[in-house]
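I have a structure I would like to understand better, so I am pasting it below and will then ask my questions one at a time.
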Amino acid sequence: MAEFLDRLVEVGPELATSLWQTVLMLLIAIPIAVGLGTPLGIWLHTHGPRGLQHTPRIHRIVDAIVNVVRSFPFLILLIAIIPFTRFVVGTTIGTAAVIVPLTINAIPYFARFVEQNLGQLDPGVVEAARAMGATRGQIIRDVLLVDAKPAIVGSATIMTVSFISYSAMAGLVGGGGIGDFAIRYGYYRYELPLMVVAIVLMIALVAVVQTGGARWARALDKRR
Amino acid sequence: MAEFLDRLVEVGPELATSLWQTVLMLLIAIPIAVGLGTPLGIWLHTHGPRGLQHTPRIHRIVDAIVNVVRSFPFLILLIAIIPFTRFVVGTTIGTAAVIVPLTINAIPYFARFVEQNLGQLDPGVVEAARAMGATRGQIIRDVLLVDAKPAIVGSATIMTVSFISYSAMAGLVGGGGIGDFAIRYGYYRYELPLMVVAIVLMIALVAVVQTGGARWARALDKRR
Amino acid sequence: MITLRDVTTVFSTPTGPYTAVDGAHLEIPAGSIQGIIGFSGAGKSTLLRNINLLERPTSGQVVVGGTDLTELSVEELRRARHGIGMVFQNFNLVNNLTAAKNVELSLKFAGVAGTERRRRALEALAIVDLADKADSYPAALSGGQKQRVAIARALATEPAVLLCDEPTSAVDPRTTTSVLQYLADINRDLGITTVIVTHEMNVVRALADHVAVMEAGRIVERFALAELEAGTFTPATAIGAHLVADEIVLDRRRTPVGAGVTPGEEAHHG
Amino acid sequence: MITLRDVTTVFSTPTGPYTAVDGAHLEIPAGSIQGIIGFSGAGKSTLLRNINLLERPTSGQVVVGGTDLTELSVEELRRARHGIGMVFQNFNLVNNLTAAKNVELSLKFAGVAGTERRRRALEALAIVDLADKADSYPAALSGGQKQRVAIARALATEPAVLLCDEPTSAVDPRTTTSVLQYLADINRDLGITTVIVTHEMNVVRALADHVAVMEAGRIVERFALAELEAGTFTPATAIGAHLVADEIVLDRRRTPVGAGVTPGEEAHHG
Amino acid sequence: GAVEMVSGTTGTVPPRDPADRTLRIIVTESEPYQEPTKIAQKLLAAQGWELKPTYVTDIIQPNQAVDEGAFDVNFFQHVAYLKQFNKDYDTSVVPLFYVYALPGGLYSDRHASIEDIPEGATVALPVDPSNNGRAILLLREAGLITLRREPESVIEVSQSLIAQNPRNLRLVELDQQALLNTRQDVDLGFLSLRNAAVLGLTREDALVFEDGESERPFRILVGTRPEFAGTEAARMLREAYQSAEVRQWFAGYQGGTLPLPWDADAEKDYAQV
């Protein structure tokens, strides 16, 4: 036990760094994924078969692009976008670099969530907005997004939690993070106690995100 | 080009096997994840803060267990449940073995989808069912699930598509699959043309699942 | 048969507690038809929802058929509700079920066997003149048709108590007549105790035995229809008088709309 | 000002095409109030939705203010709708917005500046006597209160044309009077052309200049209220007669409910 | 020999049926593992043996699987890794024979010599424990860092053993394979001879390289359980992997750069590293 504590003190700074790296990945990738995935999801919904403005041809193309990005295994996506990653962050290794493929992966993923959430809304309010002569933008901003907000927060919560474990793959290109820490020490170096510590931290992070997200979604929902 | 075609003929059987392995993973893991994730998601919803039967204590425990499973990086989950995997399929290497952690991973993930979908429904119909003296089971089966069906199919579609790329990790323990094929030939062997072929197959699979799932969800939705 | 004793329902709102039902007392004899009238927001729907405990009162007793519902276990309450049909003000149909399946729902919950259900559902739909829409989904129904499905759903199980929240608000006089005739018939033949919230005085006149008038959460007036018809009843309150008169007389030469209108003046001239 | 020429609306249903509006002709003079009455499912809501092209007719012309709306581009139609207010039968409020914010929505879409919006929204809510519920969400409103928010939302922009689908179905006589008075006032003062679908004959009597009677998708009868009041109008159809009479007379001694009831008999005795 | 020095879970594994003419092998994915396996498979088939390979990318499971008896042999690791693994996981996998050797070195796209490596340079190390320490030892050999003490094994070496880093090198750990694509972004990085060859580089291009004796721990072996070591099956397997056909394949692979230490004694190396 004393030995373990010594070891913990020893790797403490690295553990802290790893945790911070994961938080950093979340803080950058999730807002961008939400920020870009939401409009993309809105586009998919509004231009899709039941949308405000169904445009079958171009919808099929964008839908296909979303599918293509979602098809790539992470490792291959990471390699495939290396020129882009270098262009954006100037390097292809390290935490900053791995955030790029993580984000690229998460954008179309979140877009699907948003698309699905918008499809669940009561068509009546959209009708009302159309009757009021709202522009498409206004219908989206002032009606669809307003009523979909709780669902979108819920979906972002699901994605963020997925992301916490998924981002363990950051280790492939030196991105670090708490999941990678767990794998390196627990799996490769067989220091199970350290792995347990890392996993406990991940669980705590997940719990905070999940509980916070669920509360926030509930607070936004005014239907009861 | 001729060279590439020769090579394609050569690896053809392996490619076919890989595709079949992925389809097998999907055919087993997705139905189980849906089959067990749905009741778990229902439980989370009905026993949660806005559910039919809020039980804060036990809900907190189950909610935490779901978070714990979702926290594990795939590699660590894979190792952590090795005894269980061996118990279930008798081995820890190969396609059958990797389906176990993939499924375990997908169950709580899908449960969150279902929980979220149920939370989006109009509270009015649940009220009506309560007024009719429906049991909790009846409210769930005959009202909640009926109205949530399109959303649940949509969520299963999102999950299945995620799964197709995610299952590339099966390669870690000899699970094979088309994603692993892409990684093996593209990442480890530098045979980019073969990787492209594999990715194209993955994209096709994703397109079939996505388009089919979206259609099915639309067909189930009777709100317009 | 239904007794409400000092029923009070308080909602918590962001701006503080709001008392929607305020110490309501009401005795509804078995087999009678009780009308509840009152202005919009008076607390009628809330009171009705108190009767089957969909909205559990903050305080007070709700006795239906000799049992205080507030003291039942979840399971007992559920069974008790099989005997209490309800038509909701906003219908609350299941969107992904056809009209017939929506009606079957109440039969299913009441334990009617599967084979029997479809037949009885169609029967109930026929009563509200919707046999031809049995397989339509709510989205393809008109407002009145949805309301009629909701009525059929509540009637199908032939409950001992029927709670109706504005059951004819969306339907024309013919359908209203037909629905009310049916309510009157089952009330007479099966002795179903009926509580009907409505803002249409002609509905009350046609159907009710007794009437309660609500205002701001309180029951401010109570009378028997017989008194009204016999002319022996004089409303004690302005609200009662207003509702009983049930007249819409517009002044088509009033001062122009625009600045200087105070809401009170503008809205309360009835 | 509003002209419907041979308007037909066919819905495709699983059991084949269903004609909800069948060759409707209607001329509504500018500044007049047109009532539309008819049995449930007759096609009233669909016809009303045809006027602002929420439901684009399968064939026929819809001319509003001299423009054939069916020929407008998406953008032109959108602008045209700023001049056409609508009250929906089922309200269609945005659940996550307060009453005031729901009203502000129509002002926003019509281009009213942000600072002005809240003031005008509160004004509109005051007219329907809901100033105190401005910051309540729809879930905390009674049925009639929701309807009044929907009315306030349509009125707030003072449109040139107002389409009302059963705008007083959920409210009591006092509120009905107040809403109708307001409709009459703005019609007179601002010349707003109003089309009002209703099943309440007293609403028609109080407000309408002209009345159309629909049955099974067709406009089967048309008359001016003046004729009705002067006693010079006799309905040509049974439906017209029935609706104009607007009576609910129940036979409380009819044969018992039960087997052998044929839907037609049971439901159509009006 | 190896049989005596290991202990562990072997007692629980049922002995192989001597009449069984199938061999289950667990192999890592990569050309120099997969292609020789395919050749061996053919050769064995001609003699009535069936070689059944399972390809994995993980580096923990293959030893576990052999130790447990789920597979007869594995083919994915070098000597040093096996030795440390047996110690950490209390397994008793033994080396059977070598297939090829995979030395590595530190390469740079940007700098011609170690002296040119600037202050604060970025250095890529393999993240996997089988190769992580190699790169650190090479850094020490190049005089760029010092260690706190002499390590017992290369596998034990990790960044935490570094005592001094006078040029303040920034060490990043990444998947070996990923360096092929990301090397422009580092000043110095570890490449195995095979990966170097993929980029058209030779051992001479390295700034430091594991030549001569230091290459020994990094010979790629076929491993197995002790009781399998002396069997007919083991002999057949060795013949197939160390056949002329395989030699020929390696001669054509990346210009024949990979050494084939087929005569070296894997057991002896294991005892010594």
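As written, the chains take the letters A, B, C, D and E, and residue 1 is the first residue of each chain.
As a convention for this text, contacts are C-beta pairs under 8 Å (C-beta built on N, C-alpha and C of every residue); 3 or more make two chains touch, one makes a residue touch a chain.
Here is each chain with its UniProt name: A, B = ABC transporter permease; C, D = ATP-binding cassette domain-containing protein.
Since this is a predicted model, take the numbers as computed values, not measurements.
S.K.: Along touching chains only, what is the step distance from subunit C to subunit D?
M.R.: When the steps are counted carefully, the minimum from subunit C to subunit D is 1.
S.K.: Tell me the fewest steps from subunit B to subunit D, where a step is a jump to a chain it touches.
M.R.: Shortest path length, in steps: 2.
S.K.: Return the chains common to the contact lists of subunit C and subunit E.
M.R.: Chains that touch both subunit C and subunit E, as defined above, are B.
S.K.: If you tally C-beta pairs in contact for every chain pair, which pair wins? Let me know.
M.R.: So the chains sharing the most C-beta contacts are C-D.
S.K.: Counting in whole Å, what is the centre-to-centre distance of subunit A and subunit D, each centre being its mean C-alpha position?
M.R.: 46
S.K.: Could you put a whole-Å number on the gap between the CA centroids of subunit A and subunit E?
M.R.: Centre separation, subunit A to subunit E: 37 Å.
S.K.: Subunit A to subunit C: how many Å between their CA centres?
M.R.: 48
S.K.: If I count partner chains per residue in subunit C, which residues reach a count of at least 2?
M.R.: In subunit C, residues 90 touch at least two other chains, as defined above.
S.K.: Return the residues of subunit E touching two or more other chains; collapse runs of consecutive numbers into ranges.
M.R.: If we look for residues of subunit E contacting two or more partner chains, we find 60.
S.K.: Residues of subunit B touching 2+ other chains?
M.R.: Those would be 75, 79, 122, 150, 183, 187, 221, 223-224.
S.K.: Throw together a list of every chain pair that touches.
M.R.: A-B, A-D, A-E, B-C, B-E, C-D
S.K.: Could you pull out which subunit D residues touch subunit A in their complex?
M.R.: My answer: residues 52, 54, 74, 78-82, 84-86, 88, 90, 92-97, 105-106, 108-110, 137-139, 153, 157.
S.K.: What part of subunit A is in contact with subunit E in the complex they form?
M.R.: Listed in rising order, the residues of subunit A that touch subunit E are 10-11, 78-79, 82, 86, 91-94, 97, 171-174, 184, 187-190.
S.K.: Quick one: which bits of subunit E touch subunit A in the complex? Just the residue numbers, please.
M.R.: The contact residues of subunit E facing subunit A are 59-60, 88-89, 122, 124, 127-129, 158, 160, 172-175, 178, 181-182, 184-186.
S.K.: Would you pull the subunit C residues touching subunit D in the complex into a rising list?
M.R.: Contacts found on subunit C: 11, 13-15, 37-41, 44-46, 89-90, 123, 126-129, 131, 133, 135-136, 140-145, 147-148, 165-166, 169-178, 180-182, 184-186, 188-190, 199-203, 205-207, 242-243, 245-252, 254, 256-258, 261, 263, 266-270.
S.K.: Okay, in this complex, where on subunit A does subunit B touch?
M.R.: 49-50, 63-64, 67-68, 70-76, 79, 109, 112-113, 116-117, 119-120, 122-123, 150-151, 154-155, 158, 161-162, 164-166, 168, 179, 182-183, 186-187, 195, 199, 202-203, 205-207, 210-211, 214, 217-218, 221, 223-224
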